[in-house]
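Each structure below is given as structure tokens.
In what comes next, chain A is part of two complexes: it sits with chain B in the first one and with chain C in the second one.
Now for the complex of A and B:
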């Protein structure tokens, strides 16, 4: 059975759930009619300006996180790898934090995501520079870890020295990751980066399959490892950078989703890529619906929930690895 | 027409040459055993010839594009890596990667079936590759290289860690390839197996080719003493040549 046959309907159902569930308490028929026809006053506003971008971003953010997680695990041949490993997420977060701290974020509506994208761009350039043009997987991981640590330290420094407690609060909340109160502008800004990144990542399938046999065997099968790594890094940077720019840090999706779906695709990296994109979309949509249902009045953050759900999966993964290795 | 031609190939690790000006030509229908003590440069020679290490000098394979090379030569690395629990059939089919062409699925499946049959793995088709024993995994990986169906196969210690049946079967498969006009270059530590099955032995020591020729000539008392520091027993039997290292000389 193809996993897409389960995952596609699941994503569709969750997408509609995301459209139909919210504090405004609108009827389902009324909401969808308003969304499609554009007639109905305030309902149209809620549907087109609030619910639709939120649901769309849920799909997009989840899909790229799942996809880049699967690509990263395939490249490093390690089920514990995740997209944040190359330092782009923390670089994007630093860009966003700086824009909040300096007040730039308030200047115009897309200032924060643009600052985050800039941060992602700078960090991917630094990672590629540090890891070298022909370096292997290890150089890439070390460069990513070093950059993540630096970005994290600089983010802490901003918080530490911030004279403005409101900015600190805002930064802390932003870093928890959320899809609330995003607009279609966010969708249009993120879409080209995510689509471009996804195209790059989906093109890696055959190379990642060959890497199952190790780097030497893959190279002898005609896979260009230097180009493969470059496409992986650029694709992940574009997709995940844009994801952090519009949603903040949403953790564990890129780690857990590929791991959960791997048995369904016979562990084949090329088949895991599209499956993880769908699975990631489903997980983020579900979590984003859940934050609205669990605490409708309290603005529970999406990233907090994915981490609370994700961490136990991580324990499970470690537990199983220990059992196998023992 | 040669399938592999190395011209004063040199591979350096830092300043020190681990392969030192090796020239070698392999024609069709040869089963070449690459022998020599640990650290003689066998693995570096194979990897250098394939362009997996930076080299000086020439290798005919380096003049091909990566895609052409993958259709000209298959490589079986020494490290037997299977990263994910994929099915044996899927893993062996990776050897078909360089042959992707529209409408060739049937041909690919036939090649996978032939490779599995050659390695005696028919019953393993839908087993998880990572759940197999080390020796079985090694056979699956050989089948992967066979499925590539290239004129030349470079194999780095293909029979290490295999049981006697699998060792003999693998050597027979390689002899069979040579009989079809394809060629195999395999590094082998078991001199007895190499003496029996290979049509030609290339003896390496400290990065250089010390001897190159028919097994009986290469495994001379003098070569064995100088390169391996052992003495051996050589006999012709009705089952073919037998060679056994007998004792240490130093």
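Now for the complex of A and C:
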């Protein structure tokens, strides 16, 4: 059974739901016609400039988060590896906030994703360094907690020192993420980095498959671990960095999605990677639709929903690992 | 005070003033000599009404041009950040505060024997006139306050727009808008605008989702001036959809002139009158 047969239609349905659900309460036919033909005044503006970028970003952010979660778990052979949990997202958020508050992002727009990419890259590299190549669960999680705490604190510090009175209230946005009121500018800004990162991560499939047999077996199959690690770091940094730069840090997607899909693909990393990208897109789209249904007039943060779904999974995983290790 | 009791906000204000044991006009009392203001709105009223030397310090917000109509004037007074310790060390005999000033600060100052007058936010033009008189009475400057309030009321009465209203929306960072029951709403009504925020069911302040604003297609969208430094909250004000909807009748306006119940509301009224005329000629 191919998981794509289930996941592709699911993503398509959720994408349309994301386009059609919103506080303005427009009719489905009217809004799709306005989106495609560009005729219809205010409806066109709402569809093309508000809802389309939101739905597109939902797909993009979800896909890279699911993909990088699956790639990290495959490389570290550890089900707890996830960009949010091990501090990659908070590193990216710190980079993004620094570029915004120093005025760099206003000077040239690519500075925002590039700074987030740098923050994410430093964090991934540090985690891999601290946790070691085998990535023992405890070392990995401890390194992640330390990094998250440090970048979270520095992000709060930078926002507290900002002369802008709104900046300090945005700490929660950078930690929880949101797709509200993004525009096509954000889509174009993030797309090249996300696409590049995704290509790098998808190319890891064969190497990760070999790695399931152990490092020595992988090396004898001609898989270079150094190159694999470099591509993982660069791919995750570009994909997660761009995602955080435009949508904040959305947690738990990279944890839950590979975990759910692993049985469907026979636990084979090369098949898990694309499946997790689709699954991640579906999860973030669903969460973003739910956010608008639960509180249409408030900017409820995406990370609130993904954490409510994701944290119980985390408990479950920890419980299982405890039994295995005991 | 008695002339004000005809309307409810003024009445509650008077009760509040009496309850705090502060400047009840009925009980003759010494005129305060060292007044400290810790609230943006009382800052401006005190700067307008106090006798020379009577006001000792104003809050740091009074010097911030995005929120204060008297940013330049405020430079003449030392600024405070409103913490009890700092305020107490200025040896005030009267502290002017807002009802939303940190409760702990107010309680502590009262415990230390400092008289505190708390002024609620002005939600209407009548509130504004009442606030001028209340602060005037507290400062012992009744005559000056009465003259200022009367001039204010006369200009407001003269500003009433007659004719079919246009539509306007107030749009602030995070999609915040002000609806019915607010000072800004009353200014809009006075100058010939229907408030989209109020019609969307927002009472007081609330969120108006961007797409509902776009669908309402108001004649005028009023936004605030950006603060220095970046924030995601303010990005919504440069959203392509909002830029497209604004079209010709765009208005950027400092919030300063209508956050507080001061005579500077008249400046906001004048600017809205000009905007209304522009909507008329611009079609």
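Keep in mind that, in the parts below, the second predicted complex is superposed on the first by the 248 of 326 C-alpha atoms of A that agree within 3 Å, B and C clash if a C-alpha of one lies under 4 Å from a C-alpha of the other, contacts with A are read in each partner's own complex, and residues count from 1 in each chain.
We take it that a residue touches a chain if its C-beta (ideal position, glycine included) is under 8 Å from a C-beta of that chain, and two chains touch if they have at least 3 such contacts.
Source: prediction; values computed, not measured.
Visitor: Counting only touches as set out at the top, which of chain B and chain C does A:101 meet: first, second, both, neither?
Guide: After superposing on A, A:101 lies in contact with chain C but is clear of chain B.
Visitor: Does chain A have more residues touched by chain B or by chain C?
Guide: Between chain B and chain C, the winner on chain A residue contacts is C.
Visitor: Scan A:231 for contacts with chain B and chain C and give back first, second, both or neither.
Guide: Touch partners of A:231: none, neither chain B nor chain C.
Visitor: For A:301, is the partner it touches chain B (first), chain C (second), both, or none of the two (neither)?
Guide: In the superposition, A:301 touches no partner, neither chain B nor chain C.
Visitor: Looking at the overlay, what does A:210 touch: chain B (first), chain C (second), both, or neither?
Guide: After superposition on chain A, A:210 lies in contact with chain B alone.
Visitor: In the superposed arrangement, which partner chain does A:219 touch: chain B (first), chain C (second), both, or neither?
Guide: first
Visitor: Looking at the overlay, does A:262 come into contact with chain B only (first), chain C only (second), both, or neither?
Guide: A:262 sits against chain B, while chain C stays out of touch.
Visitor: Would you pull the chain A residues touching chain B in the complex into a rising list?
Guide: It is residues 77, 206, 209-214, 216-217, 219-224, 262, 266-269 of chain A that touch chain B.
Visitor: Okay, in this complex, where on chain B does chain A touch?
Guide: 47, 50-52, 66-67, 69-71, 73-77, 79, 81-87, 90-91, 94-95, 97-98, 100, 128, 141, 144, 148
Visitor: Okay, in this complex, where on chain A does chain C touch?
Guide: The touching residues are 22-24, 26, 41-43, 45-46, 49-51, 100-101, 103, 105-106, 162-167, 169-170, 173, 181, 183-185, 296-299.
Visitor: Please name which positions on chain C make contact with chain A in the complex.
Guide: The contact residues of chain C facing chain A are 173-175, 206-212, 214-215, 217, 227-236, 239-241, 244-245.
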